[in-house]
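Listed after this line are the structures, all set down as structure tokens.
Paired with chain B in one complex and with chain C in the other, chain A is shared by the two complexes that follow.
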Partner chain A sequence: MVAEPARDGSVQELENKQEWWWVAEKKRSKRLDYLRKAVWKKGALGGNYAPGIKLDLECATLFTDMWNFWKYDPIMMRRAKAIAHVLDNKTIFITDHAQLVGYFGSLPHTIMWRVDGASMVNEEAYNEPGIMPEPEQESLEKVAKLNDYWAGQTAVDKVARILDPEDAVKFLSGAIGWGAPSSAYGYSGKDYEYLFAGKRGFEDIIEDIEAAIEKAEEKTVGVPGPEILDIYDRLQNWDAMILVLEAAMRHAKRYARLARTMAENFETDDKRKEELLRLARTCEQVPAKSPRNLQESFQYDHFVQMFARVEAHEGAWPARPDYYHGPYYDKDVNIDKTLTKEEALDLVGEFMIRAYEVGGFAPRWAREGLQGITGTWVWTLGGVNKDGTDACNDLTIAFLQAARLVRVSNPTFGFRWHPKVKDEVMRECFECIRHGLGYPSMRNDPLLVQNAMHWHGHPLEEARTWVHQACMSPCPTTKNGVQPMRMASATANCAKMVEYALHNGYDHVVGMQMGPQTGEASSFTDFEQLFQAWTTQMQWLTNLLVRTVNLGRYKDPEFFGRPFLSGISQRSVESGLDVVSPVGDRGNCWITAFTWVENIDSLAAVKKLVFDEKKYTMEQLITALKANWDGYEQMRLDFVNNAPKWGNDDDYVDDIMIRCLQATARHSHVMKCPSGNNWPILPENVSGNIHYASIVGALPNGRRCGDALYDGGISPGPGLDKKGPTAVLASCGKIDHIADGRAFLLNQRLSPTQLAGEKGYQLWKAYIRTWADLGLDHVQFNMVSDETLRAAQKDPEKYSEVIVRVAGYSAHFVDISRKTQDNIIQRTVQGI
Partner chain B sequence: MSTCAECKSFFVREEEPGQGDCVRRVVDPRQAYYQSKPVREDSSSSGCESFQKK
Partner chain C sequence: MKCTECSYEAGVSSFRYLYNARIDASMTLRQCPQCQAWLAVDELAGEARQRVTDGDAPWGKSAGIEGLARDVAR
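For the complex of A and B:
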């Protein structure tokens, strides 16, 4: 029986009860407490927006007005002018107690609407209940008018028109993958080496651009020839970059002006007045000039992220805050002593809160796939410097401490573990996990640096700058390594590979021929025939998704345009090309492989029970699957209980995993991105295992259509890993985490009781050592008891701050659907 | 007809003649904040529910 939450108890009592959410509330400063509770949570609850969240019509209207006005401009300039109009005219606000500012919507409770992204999303916005600002009828009319204007003109509409019709229909069926082949909906890496390591403010960048223009113009007045013709386009792109960077600086100065107005006209508290004046000075400094202290450094970074989000719907937030802001922390706290550690912790906590409040309107499939959050803000901590030395610093520790105080589900952290990480940092990581945050995920840095070099040819020094591009995939933050566009449409629902292999490419759920006809499986006489069919389906499915993404990427500069992102990227500043253009981009593509392990357990079950033991015929199996196992329960249980399952250190099934991965890896070297680089897979799930539950048909692992799929990556099926954590690690260790794929997500649940106290830390540390020795690249932990989670299901209001790791992200437990909650509870609690 | 310039919420931009900011305090169910929106000093304030004569 779980005791009632005792928020009135002492910190010690609350810690003893492991009620970490109340501990946080008691320990954090009044400022952080206010700011944390002030956030309007934008992550959808299950799939629906919380009461009070409203669609932002102001920005969509401002953008459309100016877009329409400049209809004869080239696309980069047209977008730059529309963005500038938004930045100059949107409503801005400064929350009480805030020391950092900037939100891409107009008001704290609004969700940004990417009106130029996709007509089908716009239609969803119109029909989404509860999100229209009052008066509702007036808002609906505005939205309808905007939708009419954009119908057929959005970035995705334009791509869809030129896709192969068959590809388009299959892609849009929703069965084999998700996403949108446009940078309107995707995410971008930021060239942090250029901005932060290079200490460049926007005024410096404009100087760089003007120098490039001058050089280019010399050519346009020189000897005529074909080589100068594309310079004219580049000159217009450069002008667009300058225009939008200038607008961004004006926007920051609006905040400075507001802060001064508040200080001089409204604020009566001297301390707050001084804070507001400091905030004004901060916004006068950045982004125009490079930062001078920690507050300015955070503010600069946050502005950059907000401006990028005014330009496009960014579903991830690649960042490495301890590395790029660490020198300012060191200067302010340790050298100049202008900030105390406590004051710095307030800034760090607020920096996380500013990111937590960010949210844009997303279509339902995305909300169901990312329940509880608005995107995967996985910030990277730790790792190494370019010379291979330990990069952890005091700010690494401050971030890990602040996370336990603010307990946000977004951003989360991925920690780049390496053998030189100091014990004090490891303890901070463990404390976050022990406090039930589900983060940081632990990443094997030496191995992932090698992986980045193996798959995409990033040079060693650049590979060492890597950040999580979304949940999992490493990507450098350098001129040629940074990834300007990674739409999520190369996200594969991999369980369809085995499903189609068993049904001759036919999809019985959506009722159409999807994959190639690889033969009636009922006539297969040995496992090799089935495996060949699987390989063909795997190649077909990944080819289709990659074709779509490649085309979207190639056409994006023509159909969308990213003047701001280009303006902060060295490659574009020097070349004058839209940063999304593949020219000069090394390429860092990957296919997110949802629902991967179902393939392995299903193939192993067929091999064992049909071909080896001959307990059933293929015909019987196909009949049972077509019936969704209905009427075949004994047979289904046989396939669940008496077929080997991944995660038990059983070579029978583990060999099939390796075989499938190696077949896919071979194909990953065949498929090429627009830069000519490879397309490795990356098994993980977010909450796609719930989204796809009713889309994937019955499978030979005993799963019925409608049952939740496995929770993802290379995690064993919930409850199917029966031989303990070492066996799970041993199975996962058989994978070559460099050559077999880009990264491999592993969820593990640990017991908070077993891992209490110093002994718990030592056990966990030994586990991490084994994990690293076995060569795994990723592991993340849930450490919240079943009792607490069940109590939270019964009484969600009392447990509203309980956080769990879903897949590549964390969410507040009460914000995810009941099915996802149950799926997390069902995961095996490993005793280590 | 009253104009924005006559309102308590209007703050002129010294560097941009004719331009100003409408700065108002808002208390919503979760937080209190000051918001700012650009306005011209000669804009009509008729119909503005927040208008307060200086």
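For the complex of A and C:
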């Protein structure tokens, strides 16, 4: 099945021109071509939804109806019944040519609305132009009615009421962090070891739950005592888990019935008829029973993800598809030969497209911070087995090949590199990067396994199962290692640390005293006073965010409840506790540190130009910053060009980076999560550097309020790394990537011309060796020329499939704002 | 400062600041309050240089070897 040529020129000619998006269109099968083009783009364009995308009112209404009906039930049971009602009644569909099914909305162009999550988000949904289904007035009335019902009783409303009032005001100012302290929004890790390695279907899990209930009930009819009292709650929870798992199986069987009906009554093409019948058999098998082949394995996984998303707004997609589905690929393709490699590639490509299709309604800050996508679906590939041997398999290669054919911006891949990865796999990784996908990001596996052990005490074998919990953070997929819900509100806008240190804790952008009063900076007489102020602001800011998340996590089983996620997690199946309960969770928390490097370059500039060279006084600097550098352009340029900048192998500024990281790492051991574990930082940005551009004031690194912040992690400022890629790596190599933080994002931009052909691969491979030798944990690449990106700005329709790496994720270039586009083009193109 | 498109004249700060094109250069993007055109502005000189439309980059190419890439390839 080869697609008709869509554009002039042979594949070879298009490859020579590096127009990879047309190459993909020519090379992929007709089925993949159709499915790729039929999918609705849910990611926001800049900050707005694409024309035609509509809010899903059906699921929100079904959920609310049943939630209201069972108002006297305990929360887990009440939620389970509401979810079951959605799964039993929502509209379902099968896309033409599809071999995999399942969408959490009712129609392909709808975005799911988490109506019980946050009233603030509900109000935004009401006010968002263009997304109401027709007739619009009728939809608006429905939404208004739903909003009235939920006002004050959403998960976030409940948490907000018990937060310290000052914390709540500061957190909700939007200046210092984002996210919501509730499992209604966030990233849920899946207990893949229990489901997939354990070969359990939902029927098997229900048996496990029933055994646990039987054991518990022996106690409730036994000798009275305090130890049996909480068993009554657990019994309710177990019942809720069974109820929702049974609904999930019924839901799958609805698809089976639909596929069979279509095959037997409507389909005229024999081949498609057989495909529909196979789809029916697939949905009769999974998720009720464990999968028997690759299609069933993918379908099972996709169902699990969809059900979890009916239950909560999941902003990430932790997964390791080559590891958990690889044995089925091997069986079908290599042993039984029931699938050809091409047929398997179709399934892999479709598996990615089904994930790309997924999108829920997000508030504007999230849309601006994740332009072009709906969440960070970073799937993990490669790595090692539990015994340390190479885990790469044929499916690893198939995923990397399929990615180049379907060219979706979500999911992307993070590749767990280790010294035993074979050359053929490395070549596939490089080809994806060379094709401009921006992924896979390269992750240093041996180092990150050590990191997981260092920060959270995961045993070696468990640490080796790690997946990307969101963009970057490694998290095991085991009973005690899995993080059931990472609440994104521990996301810090770190540039505020140095801003507050310079303004006595006052925020001139939001007009409020935010941080502690650490003294008027104009009276500081040496750098140590400034650094002390910075440390105090850093501790205050991280403390506030962590307090908020800890409280949200602790209260979540009472305020929200996750019966489905609990039902697929061994810890809950055994204990009867909501999986979000910290009990039995080893803890895997991290603070996402947005806009981190601005601190380093700003502190270095003040140290150099004010305290060392005494070229300016602190008073002059503060005056210029308060004026947003307006009228101080020459001085601003001095602070940019004549002060050392991170990423140039300059110890003057690199030492400040290490000092800041170590101070924060010390504090990370002081702050504890509800499980009693540490809170390390993880510098990275998604496109928060654009979202925060107008929220962070002028800084001594030379940026004005309004300018994009740096692109994140430990990436140098765009265009400020002037000494080449080795100097960037040398600077980053001075960081202890185990003890100084959880992970460190590094964006690099390479020249597609320089890295053409075999020579290009060898250069890149040598670069990766140096990267690994220096002990860096992450690097990701953009390899699209200025010329192409400027042409895409001019003629977006012609370049609609050009993909770039934004930060922890990729996006189609034309889907991000001009400001973000220019920020990406500003990045230095490194010659290696 | 004078808008290159509609000749509106006012102080630089009256033109809405958008963002910098490169942090290490004095060129910024500002928007004319009268005709809404995006303008490339030299902040040191306080002058609007030209209108900026899709794909325009009056501040030049990215830092690094991009401009030399074709030579490197040869």
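FYI, the second predicted complex is superposed on the first by the 826 of 832 C-alpha atoms of A that agree within 3 Å, B and C clash if a C-alpha of one lies under 4 Å from a C-alpha of the other, contacts with A are read in each partner's own complex, and residues count from 1 in each chain.
Everything below uses one rule, namely that contacts are C-beta pairs under 8 Å (C-beta built on N, C-alpha and C of every residue); 3 or more make two chains touch, one makes a residue touch a chain.
Small disclaimer: the values here were computed from a predicted structure and weren't measured.
**Student:** Which partner chains sit in contact with A:Lys819 here, chain B, chain C, both or neither? Use first/second/both/neither.
**Tutor:** It touches chain C, and chain B stays clear.
**Student:** Check whether A:Gly152 is in contact with chain B, with chain C, with both or with neither, and answer first, second, both or neither.
**Tutor:** The answer is neither, since A:Gly152 touches no partner chain.
**Student:** Compare chain B and chain C by how many residues of chain A each one touches, and report the one with more.
**Tutor:** C
**Student:** Classify the contacts of A:Thr753 with the two partner chains as first (chain B alone), second (chain C alone), both, or neither.
**Tutor:** second
**Student:** Determine, under the contact definition given at the top, whether A:Ile92 touches first (chain B), second (chain C), both, or neither.
**Tutor:** Once the two structures are laid over each other on A, A:Ile92 reaches chain B alone.
**Student:** According to the stated criteria, A:Leu107 is in contact with first (chain B), second (chain C), both, or neither; which is it?
**Tutor:** A:Leu107 sits against chain B, while chain C stays out of touch.
**Student:** Who does A:Gly52 touch here: chain B (first), chain C (second), both, or neither?
**Tutor:** A:Gly52 sits against chain B, while chain C stays out of touch.
**Student:** A:Gly130 in the overlay: touching chain B, chain C, both, or neither? Say first, second, both or neither.
**Tutor:** A:Gly130 contacts neither chain B nor chain C.
**Student:** For chain A, give the residues common to its interface with chain B and its interface with chain C.
**Tutor:** none
**Student:** Under the stated contact criterion, what part of chain A meets chain C in this complex?
**Tutor:** It comes out as residues 628, 630, 633-634, 637, 640-641, 693, 701-704, 706-708, 717-722, 749, 751-754, 756, 785-786, 790-796, 818-819, 822, 825-831.
**Student:** What residues of chain B sit close enough to touch chain A in their complex?
**Tutor:** Residues of chain B touching chain A: 11, 13, 21, 23, 25-26, 28-38.
**Student:** Can you list the residues on chain C that touch chain A in the complex?
**Tutor:** It is residues 12-13, 17-24, 26, 28, 43-44, 54-57, 61-66, 68-70, 72-73 of chain C that touch chain A.
**Student:** Please name which positions on chain A make contact with chain B in the complex.
**Tutor:** Counting only chain A, the residues touching chain B are 34, 37-40, 52, 88-96, 107-109, 254, 257-258, 261-262, 265-266.
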